[in-house]
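Input: a single structure, listed below in structure tokens.
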Amino acid sequence: MSHPWTVAAGAILLAVLVGSVMIAFTDERVTSAAGYFFARPGDLFTALGDSIGGAYSALFRGAVFNPRADGFAAQIRPLTETFNYATPLIAAGLGVALAFRAGLLNIGGQGQMLIAASAAGWVGFGVTGLPFGVHTLLAVAAGIAGGAVWAGIAGLLKARTGAHEVIVTIMLNWIAFYLVAYLLATPGLLQAPGSSNPKAPPTPASAQLPGLLGERYNLHWGFVLALAAVVFVWWLLNRSSQGFAFRAVGENPRAARVAGIDVPWTTVKVMLVAGGLVGIAGASQVLGQVTTGFGGDIDAGIGFDAITVALLGGSNPWGVLAAGILFGAFKAGGTAMQASEGVPNDIVLVVQSLIVLFIAAPPLVRAIFRLPDPDRRRTPREARKARKEAA
Amino acid sequence: MPGTPSDGVEKRQVTQVGWKAAGGLIVIAALFALLLVAAPRDGATKFALSRGSDALQIPLLEIPAMPLAWSCLVLMALIAAISVARTLANRTTSIWAIAAFGALFLVGFLAWAGAGSSGTLSIVSLLSGSLLGAVPLIYGSLSGVIGERSGVINIAIEGQMLAAAFTAAIAGSVTGSPFAGLFAAVLAGMLVALVLALFTVTHRVNQIIVGVVLNVLVLGLTSFFYTQVLVPNAATLNTAPRFGSWTIPLLSDIPVIGPVLFDQAPLIYLMYLVVAGVSFALYRTRWGLRLRAVGEHPKAADTVGVNVERTRYLALLIGGACAGLGGAFYTTVAIDKFGLNMTAGAGFIALAAMIFGKWDPVRAALAGLLFGFASNLQNVLSVVGSPVPSQFMLMVPYVVTLFAVAGLVGRSRPPAANGQPYVKG
Amino acid sequence: MRLELRGITKRFGALVANDHIDLTVEPGEIHCLLGENGAGKSTLMNVLYGLYEADEGEILLDDEVQHFAGPGDAMAAGIGMVHQHFMLVPVFSVAENVMLGHEPGSGGVLDVESARRQVREISERFGFHLDPDALIEDLPVGVQQRVEIIKALSRNADVLVFDEPTAVLTPQETDELMAIMRQLRDSGASIVFITHKLREVREVADRITVVRHGKVVGEASPTASDADLASLMVGRAVELTVHKDEPRYSTGLLRVSGLQVVDDAGAVVVDDVSFEVRGGEVLAVAGVQGNGQTELTEALLGLQDDVSGSITLDGEELTGRSVRKVLDRGVGFVPEDRTHDGLVGEFTIAENLMLDRSDGPPFVRSGALQLAYRDDFARSAVAEYDVRTLGIDTPVGRLSGGNQQKVVLARELKRNLRLFVAAQPTRGVDVGSIEFIHKQIVATRDAGVPVVVVSTELDEATALADRIMVMYRGRVVGIVPSTTPRDTLGLMMAGIPPVEHGGEAA
Amino acid sequence: GTAPEESGGNEATTDFLPCMVSDAGGFNDKSFNQLSFEGLQSAAAAIGAETKEVESNTESDYQGNVQSLVDEGCDAIVTVGFALSAATIESATANPDIDYILIDDPADGDGDGQADAENIKPLLYNTAEAAFLAGYLSAGYSETGKVGTFGGMEFPTVTIFMDGFRQGVDYYNEVKDADVEVVGWNGDTGSFTGGFEADATAKNTATNVIDQGVDVLLPVGGPIYQSAINAIEDSGKDIALIGVDADLYETDPSTQDIVLTSILKGMDVSTSEAVQQAADGKFDPTPYIGTLENDGVGLAPLHNFEDKVDPTLMAEVESLRESIIGGEVEVKSYLSE
């Protein structure tokens, strides 16, 4: 009865309820109808239904299925958009989750993505004459390398000097931000030739991640890359000796050391792999999502969202996949909600964070929905009561 | 290093002084020398030691830049050499020597950067801006210190400060009193802390998850209410009164230091008291002893009758109040309006300051000051007209922190039970 | 004060840790509680101390029913407890630890001076030499134990519970502790004493209660023989002496010469140590805890950073090698602190059984874990070593200490060894498990492997060893045959070299 | 309250649907997003249309946001800021029936000097011309001989103000043989807050500029002028503020006592006009460049500073304006190249 899925559903329901209140609050129809509630209460309920129903159906239309579009191919487009938004969230979420499993809190997704995007972008427009496919692979590899290097700095500093990775990754975020701002604003580096804006040239077609379902959808091969990364991380963590070492260091570095695992070097390796995964997110941004030339906020806050995605996914690759798709759906649907109903985007942020909070606290959700606890030890009083009833 | 001690069974002591200090000094001196050789600059640098409004006027110092920079470099090299000699003799380099080295480097660098500029390098502005920049960081890091000393990781400092800045703006605007704003900010900080406590202490949810998520939640809520409520009603709800500066007689007349430390808003004076107070309370009172015990070994504390959950709740709430004061800085001292995400990551810098300060209130405050100084240094230099591109100038505080953490601080040990929910028994 | 427990029952989920336990302790009595690992002794005491709430039953003090909501109430009622795992804050001073929870001082400001005074007073009363300002983490365990006792005494407890206080003490320290317990008993305190060491039981106990599987299985008289007590505890006959034949030496050889280890603080903790262990013999390293034995074993494995001198195994130099390389040379290692250094608590039993072979065959091939092999291996290890568990996928942290120790031993001994190093292999383990572990160590020796066993337990050292090396302040006092009298060994442990007893003084 | 009549009141009188996407600054940025938004609203009011708008949070939202408006059936889409250029071109190419209005960018991704799609109308503003006048005015107004400026981020749309301002001061020095200094921008590097938020950082930057002794301050970038005002208050000095984009005196009455003038960037008017043209079916993709000549940029009235500024100085400014329009005085900017 109170299976994890029930709790998850309860958490989503609760969060959606809070979101509803906020949606109603923003809607003038509701506020004005509330003003004369006693004169004509029916209006308020109609207005509430219109605004909340409208908003969530817009969310659904934007994230899953749009019955208003012509033909199935167009109707299903929102789902592909969800996957599209989920792509970098999944890849970066994996990077955070992997580090977390090894006992490292990687807050540096932003910086890693920025460097990765710059590296991938630079190989994209800076290297010419490569055939399609090779060029793409090279650009993706550059992105992965960029992310790995930037995270690797944090790993190296931690391993060599013991500097706390939280500080180091936060600082590296800012340094990457200004570094990329400089590169983008400097002719001959990342700035598009002939432009004076801090913006890179477009990614040539030969380096782009090609569309997955053809021209009519934005969904690109980055999504497949992210799925492959999920499988890879699952294999790495659960089936490989390297992942075994990562987890051992994460759970008990002292025992890992006694068991012959080189803890500092493992720290560096973990950060390299984690950065590489975040690098996939950065590469997919410039090679798939924003191929028209990127700017200084190409990371799109994904580095931080990734932390939430990773934690919501329980730092487990399949969980990250599910959480990434959920957040992708919120992103895709949030836009539609705003465009169609004028519901501010911030509500999505609130609903998302409430879901994570509630999912993380099953006892709270159980208490609210009065679900039984599968593995709770009985309190003495209840035990006595149960015995009496049995007798 | 084998040897025969006089007493065969006495324990021997072998110390090996590391090369970190001496090596660091050499590298910095060499880099500075490289800078001076590669990019020499003409003209003089103008240092101002007092402001126009100060009681004691110190004349403008106009010093030829390169000679000054080179003199500093020579002295730096001297200190580095002494440090090398001491290391060879297996003796440590004194912290004062390192401090002097740092000061010389700073003066030399300022001379180089300000050379030939028509602008003046106002030392008072430099320091005063540093102090102001550090205020939210210091209050925020105290929130972290108190919470984590009790064993609860507090990633939510950012959220606490943002919520506080938001409520302070509204409360201040509505009542017209900055004190009301301050009060509301403290309540808001505590409210976020209460949620943190509820989830982490009572429900034992992973503390990092809750912290990260609370930041997002507060960002979402404040953004929502900002666009929905504050923007349409900016004149009534988002025009907050601010604290003016309270000039302390006599003390504020001390040259250079006086106007920096004693001509500030009351929130800054309160900060001096709070830092000292938290430090005292943590180490000298019953509350602090119990709090630290709970953070180090909750079960031990429990077995002597200390209520772990209550201690953690209280710690988080007091920490929340501190973060609230830090958030209040934004809308009761700095500027008179709330803006979207106006804490802009300061909570994370505060977290860094806390770790940098090794979970000690005074050290964390010093770390906050260092960061404030580095930020303001870039600011002052870019106004005076430094030749470095603005993006690199803006990077300075983060690079400085990175070097300081990796080079000077190294391994820092959090309270032993930090991050672990306490399960009785 | 008279303590009475009536029908105490405590369940953890399906597990009944205490099943209607009755226990009475009279004033002026030392009441020993005996039972194998996991029998429920600590649980019962935790119920008494208010850390757990009993599911059934009641606690009476001087015939009055008590209701403890937490340890605070228990302490207020006059119960003091010296916990199995020290309840001391490592970064606090002695005085701070003692005053925690009932701090002197007015207005919430600590009065450290009066806390110091209290520590000094109690120390003097019992002949402890305790510096109130010393940090706990700098103190040897024996001294930490005294701090625990002072903590209990500073509250004027009438009922004192000692839960396995002697597991980490040296014989001398144990004797001192027992003297203190007698002193307390004579002043009218009621004392509950838990231990796995039968010698101690017979020495101090006035009454003995034996628990097994959460139930009281009987009382025993202090005059009962060790064998009787042991079989009552474990429920079967236990061999208390180690049977071993004369050593048959193999070609294996561990040679340590001029070994020096310097710790992080710059202290020389292993000072010019030289010895040899041949294949097929056991060298026991004896000595009071904190005299360099731990660092010596760690240096053998390559865990210490600042090591000079030479360690050769079968002629091959080991110093300067990484831990990985040393392990790959066939060195088996049982660390002293199993929960921190030996096991990853969240990992399953199967995972822990491959922990130090996680980078190559047979558990790993081309970077991939061989799960089928691992699980087969784990099942056979669990069966062979009689690890009491629900299955190989149980997180190892859920096992009782004795069973955790078996997992470590199984992991190390089921490899092809060329050297076996074990530190405190039976600390905190019940007699049944000790018997088993000792048999395994002897079997390893008989297979021709050089064995180094560190033990603070003189009985264990003499029982297992072919030769005994005693360390004091990082140096070797002497290496003597295992037949050396206890007195001589005791003197050696205090740093006095053996005189003409046939030992090869170093 | 009283319930309204049952029948819906203000239904749209046209089904023409004009829409807008902001850049990452959002519609409340006190700057170009907000002004363009006002332009859209006034156009909608004039033609009796409803509007739909989406705020962007980051650049990877642009494409999706423009698409969502296409999905909503918009007839004209205004995209604000150079950052949306690529997303606009892409969407315009795919949807030739929709009219696009792109603010602050020529929509020229391929660099051929023309907008890349026929259905995009770029709106550009040579604010350097107006800033030049402001620079001249400030130099003449300043008593300390120092005027200051600082920006949000080092974008061309920001530095164009600072460049023009600096040229104006230089011109004043040249004409009057004066020695007025500009603090905070030397033509290459200068003071930037690193963002467009009115926060403590921005105030600190302003304070540092003020501490150099300026008595005129030009903060460039959305709401950061608010931080500058607080810095001015705290300095206790008499410092005049120059606004950008809209007339601060009108849009933020709390500034009335210290705002000397504002450098106007007529995005509201030009956006409104472009939208109305589209609604009337007279959409014209020729780029619009706001200049002093067409009143697309300009200098706001002095309002309260009328009597603090020497009338002869104002007369000089007025004639300078004529000279710039006439081409006698040349103002350099990235748009004039």
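A, B, C and D are the chain letters, set down in written order, and residue numbers restart from 1 in every chain.
Just so it is clear, contacts are C-beta pairs under 8 Å (C-beta built on N, C-alpha and C of every residue); 3 or more make two chains touch, one makes a residue touch a chain.
Just so you know, these numbers come straight off a predicted model, no measurement behind them.
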| item | value |
| --- | --- |
| Any chain in contact with chain A as well as chain B | C, D |
| Most remote chain, CA-based centroid, reference being chain B | C |
| Which of B-C and A-C has more C-beta pairs touching across its chains | B-C |
| Between chain C and chain B, distance of the C-alpha-averaged centres to the nearest whole Å | 45 |
| Distance from chain C to chain A - Cα centre to Cα centre, in angstrom | 47 |
| Inter-centroid spacing, chain D versus chain A (mean Cα positions, whole Å) | 35 |
| Cα-centroid distance, chain C relative to chain D, in whole angstrom | 75 |
| Contacts with two or more other chains, residues of chain D listed in rising order | 154, 194 |
| In chain B, residues with contacts to at least two other chains | 227, 389, 391, 394 |
| Multi-chain contact sites of chain C, meaning residues that touch two or more partners | none |
| Touch relationships between chains, expressed as pairs | A-B, A-C, A-D, B-C, B-D |
| Chain B-touching residues of chain D, taken from the complex the two chains share | 26, 28, 150, 154, 181, 183-184, 186, 189-192, 194-195, 197-205, 207-209, 211-213, 223, 226-227, 230, 233-234, 236, 254 |
| Chain A residues within the chain D interface of the complex | 32, 35-36, 39-40, 43, 62, 66, 69, 81, 85, 88, 178, 181, 185, 193-199, 202, 218, 285, 289-290, 292-295, 297-301, 331-332, 335-336, 338-340, 342, 344-345 |
| Touching residues on chain A, where the partner in the complex is chain C | 238-242, 244-245, 247-248, 251-252, 254-262, 375, 377, 380, 383 |
| For the chain B and chain D complex, residues of the former touching the latter | 51-53, 118-120, 122, 125, 129, 132-133, 136, 227, 231, 235, 239, 242, 244-245, 329-330, 334-337, 339-342, 344, 375-376, 379-380, 382-391, 394 |
| Chain B residues within the chain C interface of the complex | 1-2, 8-16, 284-287, 289-290, 292-293, 296-297, 299-307, 416, 424-425 |
